[in-house]
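Below: the structure, in structure tokens.
Think of it as A, B and C in the order they're written, each chain with its own count starting at 1.
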Amino acid sequence: MMPTGLEAIASTDLPPLTRQRPRALWAAAAVIGLAVLLPAGVNQYWMQIGTLAFVYWVLIAGLDLIIGYAGQLAVGFVGLLAIGAYTASILCEKASWPAFAALAAAGAAGALFGFLVGLPSLRLKGFYFAMTTLGFSTIVTQVALGWERLTGGGIGLPGPMFPAPLDSPVGFYYLALGMALLATYLLRNVAFSNFGRGLVAVRDAEVAAEAMGVPITRLKLVTFTLSGILAGMAGALFAARQTYITPDAFTFDLSVLFFIMVLIGGRGRIVGPMIGTLILTLLPEIAAPLVMWSNFLYAVLLLLVVLIVPGGIAAFLERLFVKTAKGEGLDAPAPERLNAVLGQHASPKVLTLQGVALHFGGVRALDGVDVAVRPGTVHGLIGPNGSGKTTLLNAVSGFYAANSGRIVFGEADLAARPSADRAALGIARTFQTPRVVGNLSVLENAMLGAYRQFTTSFPAVALGSRHGVIEDRAIRQRAADALAAVGLRRLAHLRAEQLQHTEQRFLEIARCLVMQPSILLLDEPAAGLSHDEIEHLQALIEHIRSLGVAILLVEHHADLVFQVSDEVTVLDVGRVLAHGAPAEVRINPEVINAYLGA
Amino acid sequence: MPTLAPERDGALLMASDLSAGYGAIRVLQQVNLSVRAGQVVALVGPNGAGKSTLLKALSGMIPKTSGTVSFGGQDITRLTTQACGRLGLVHVIEGHRVLPSLTVEENLLLAALDQPASARRARVEEAYRVFPEIAEKRHLGAGSLSGGQQQMLVIAQGIVRQPRLLLLDEPSAGLAPVLIARVLEVVAAFRTKGTAVLLVEQAVEKALHIADRVYVLVHGRIVLATDAQSARAPGVLERAYLGAAQPS
Amino acid sequence: MLVTILVAGIAIGAIYAMIGLSYNMMYSTSKVVSFTPGQLGMIGAVFGAWFIGVLEVPLWLGFLGAMGVAVAYGFFTELVAVRPVLKSIEQHLYVLTTLAAALMIQQVVAIWWGTDPRPFPTLFGLGAGLASEKYWLPVVACFLAFIGLELFYRKTLWGAAFIAVAEDAEASRALGIPDVRIRVVSYCLAGFIGALAGFMGGQLLLAFFALGATLTFYGFVPIAMGGIGSNRGALIGGFFLGILQQAANYFVGGVFVGVVTFAVFITLLLLVPRGLFGSAVARRV
């Protein structure tokens, strides 16, 4: 998604938006030009194939958001196409609505049912959700078949007729092209925005997304609604193109075909699915025998894509055209950049745990723990196996609920709040195993930290709001500063999955910094780090502390903890064994015993 | 059964420059380790050091990124866990993971699955002799046993397989002290039967009492390899675990 | 009439239940919910009709032939659609690969057998009217399959090995149990059970290429009800759905049967996500 060009490392580390993808813009212009000129060059048959591809693309653009970005396996999307087609056709035929009004109504119907289809996705995953969407599209077809008075039953009814000159094949071609361009515009705006990043984060690293305060429910539902609008409108166009619709135009096979178009193109991409749509629409037309075998071929293609090239055409192209440099290692950190990131961080708050207890079944993971972390200090938390360190972190960040005791941050009692609220309260955390979004760039990962601070609404972003663009730039700059601060400046445009494990740890920290937190919870950040990298980490922690952020450092690396902490708490079997200045704790004989096992 | 070549340098199990991990995370870095026939070797280290990972890499439960492992002179680097088991390298994983919906008897019989049906009963009876506590529960569901009894059951499963070398992962975890003593007593008895043991343990002191040698693993690297006697000298383990830095 | 609803409902319910057993069998050893059980039913019906009705081979041979095709397809599914994606971190790739495998067999049959439903031959010629074999053959087969599986799991050591792999694949591997071989066998066995549903139910269902899609969905509803992995739940859910559908057919009309089924399905899934007999969920963090 991001350019890899090293020319992006200019004085501000950021490519100005207009220069961002020069090659891509020229290519897009060329393709659009070709599409506009097509009717002049080919006969009507091929033009109508083009029209079909555009109509499909209107639906696929929306489906790309659902399957590609949100990662929901909506296998039965043809139901929405059918709803749009029947809505428009019924309104035109039975209520004599004008075609464009019917088109809008189809979009509205699609919005409603898209939302409804999205609801189960909140509770059901994977296979179960896929099966639900299949069931949905089966019902739609059955209702269309059975409700004869409205839909004409098996006989069907005529599709909407657009006013001249759009009712001619050429005219309709341009209408479809126009709609396809609109769909692309909407898709592109959402995909490249905060919401696009949020969707991918929910898809690939849901726990991390939650920790950053991404409102998962709202985001999924609004995405399904938009996709529903597009699918509904595609349905109306489809009905117009076919001029007559019956229930068996909307088969299970068509549904799977749509699904494959997205996947073959590549998830989380735009151009790939576009190419996929084109190829798969053309495939049965190219060779007559293929018509019969086309569904079989789609299935084989799907299998091959999943097993061999999971990233689809887009990944394949990327491998050809784009240099994939492996992580080149960290830079020297630039701590002065931290001021730019954290300069306006939230008001200082104290984190207090009082008598916190947590048990799983019979095991008391935390047994009455008191800890206080003050702003501008580093509080180290150490302890042997099973002592409860990570459990404590998880309790503070809201993934576990304490059974008794209080956890207070500033004025807020955390017990009542869900984990997604933590980010809003200024609590940022890293994870024992780095949870970065592999398919996003390093820079985009860092930008996720500021998700909650993005105020432009989803519809405004989809329509290309200037305000959204400005906000995006500001967050982008802050993220670039954070990356420079931790030493990842040179790697900003790589995909996060290309980073080494240790670099991913620093990326998590950068992401937290972008959130401008009041407290930073670090979960074993030094695991797997080399000696130099640990020094780097130590310097970073000290700079963050100097800017007034509180830091709770859970670690096994005793050296690091004792050198950087202002206070140390030692946990053992869920209780505080010792607490105080590092020097005292280090020589405490009970602590030594606890580590070595009695 | 293939005939096994004579052991090199007397080592039954030998890992050379072994590295392994999970996906991008490298947990073990170039570990060298060996166990002789009939020896009890303890593997200790702070939590997160990679001790369980090391055992899993040795027995083929996770793939190795580099290095080799040999057993009885044979290269087992690429072998599956089941194949290693047939050669006599048996891994008892941590967490006393019995098969809860099967009976104690079934749990033991399953351990003897790859042996001829006629021999299975004898193997199972042998295991009951070592652990009479579970013999009396033989027809109960394994899930209804206490943690300690389940731990005895998984070790019994190991015994049924007639191992030449037993990889034991934290056999005393979560057990009451009297049961820990019982388990370690059984482990010490393996030596007299000629079975070697590589033992991962949190209860370091106790492990050292029955071990011949000890390896200390910290952050995926072996930082100390010595005989048990030397390891018990004051400060030796502390330095290995907590690092040499002494804050002023 | 109430009796007709019950008899037909239990018969068709038995078919759904067997598809459910097939789902469970594949799931137990691989933790994969596959899209193929419905297609296995289709294979049983179509190939049964082909061997016995078209080629006119003896009944037992035709049975073996149809089951053989299904077992081969089950083997293929495990090898191509399941094993390669088990290693992957992304857990939902199996939805796509099994969907592809299901579509492939459906299309091959559509091209070879044709897209019209064709009759399934009478097998034994026993009974007539409501006592016709087409109603009780599926029920008998269903109970035989269920009891056979129970006996296998509870009374044989290899059955215990299957349970071991289903409960804790890692511990089983460490114990020396051949988990891969067991998984392959379970997919072949699932093939057999699914095809049994189609073969014994062929006289009710007809030999139709699109049967797979229908059975995939309707055969999954018992799973939604009973929870994946529970054979008892599949049986109860299957009979419940069969009777419900026949009742809906009688009272509301054939076309809306699907709506009723879906409504029940989605309600169950959202209210009781793990099924009425299902197991607990793993923790996230």
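Please note the rule applied: contacts are C-beta pairs under 8 Å (C-beta built on N, C-alpha and C of every residue); 3 or more make two chains touch, one makes a residue touch a chain.
Quick caveat, the model's predicted, so the values are computed rather than measured.
Chain contacts in this assembly form a complete graph, since each chain touches every other chain. Ranked by how close its C-alpha mean sits to the mean of all protein C-alpha atoms, the top chain is A.
Ranked by C-beta contact pairs, the top pair of chains is A-C.
Centroids built from CA atoms put chain C at 42 Å from chain B.
Separation between the centroids of chain A and chain C, computed from CA atoms only, is 36 Å. Of all residues in chain A, none touches 2 or more other chains. On the side of chain A, the complex with chain C involves touching residues 71, 73, 75, 120, 123-128, 130-132, 134-136, 138-139, 142-143, 145-146, 207, 252-253, 256, 263, 292-293, 295-296, 298-300, 302-303, 306-307, 310, 394, 399-400.
Against chain B, the residues of chain A that register as touching in their complex are 384-386, 433, 500-501, 504, 524, 527-528, 556-559, 562-563, 582-583, 586, 592, 595-598. Against chain A, in their complex, chain B makes its touches with residues 24-27, 46-48, 201-205, 219-220, 237-238, 241-243, 245-248. Interface residues of chain B facing chain C in the complex, by the touch rule stated above, are 23, 59, 61, 80-82, 85-86, 90-93, 97-102, 106, 109-111, 113-114, 157, 161.
On chain C, the positions that touch chain A within their shared complex are 33, 35, 80-81, 84-85, 90-97, 99-101, 103-104, 106-108, 110-111, 213, 216-217, 220, 224, 253, 255-259, 261-262, 265-266, 269-270, 273, 284-285.
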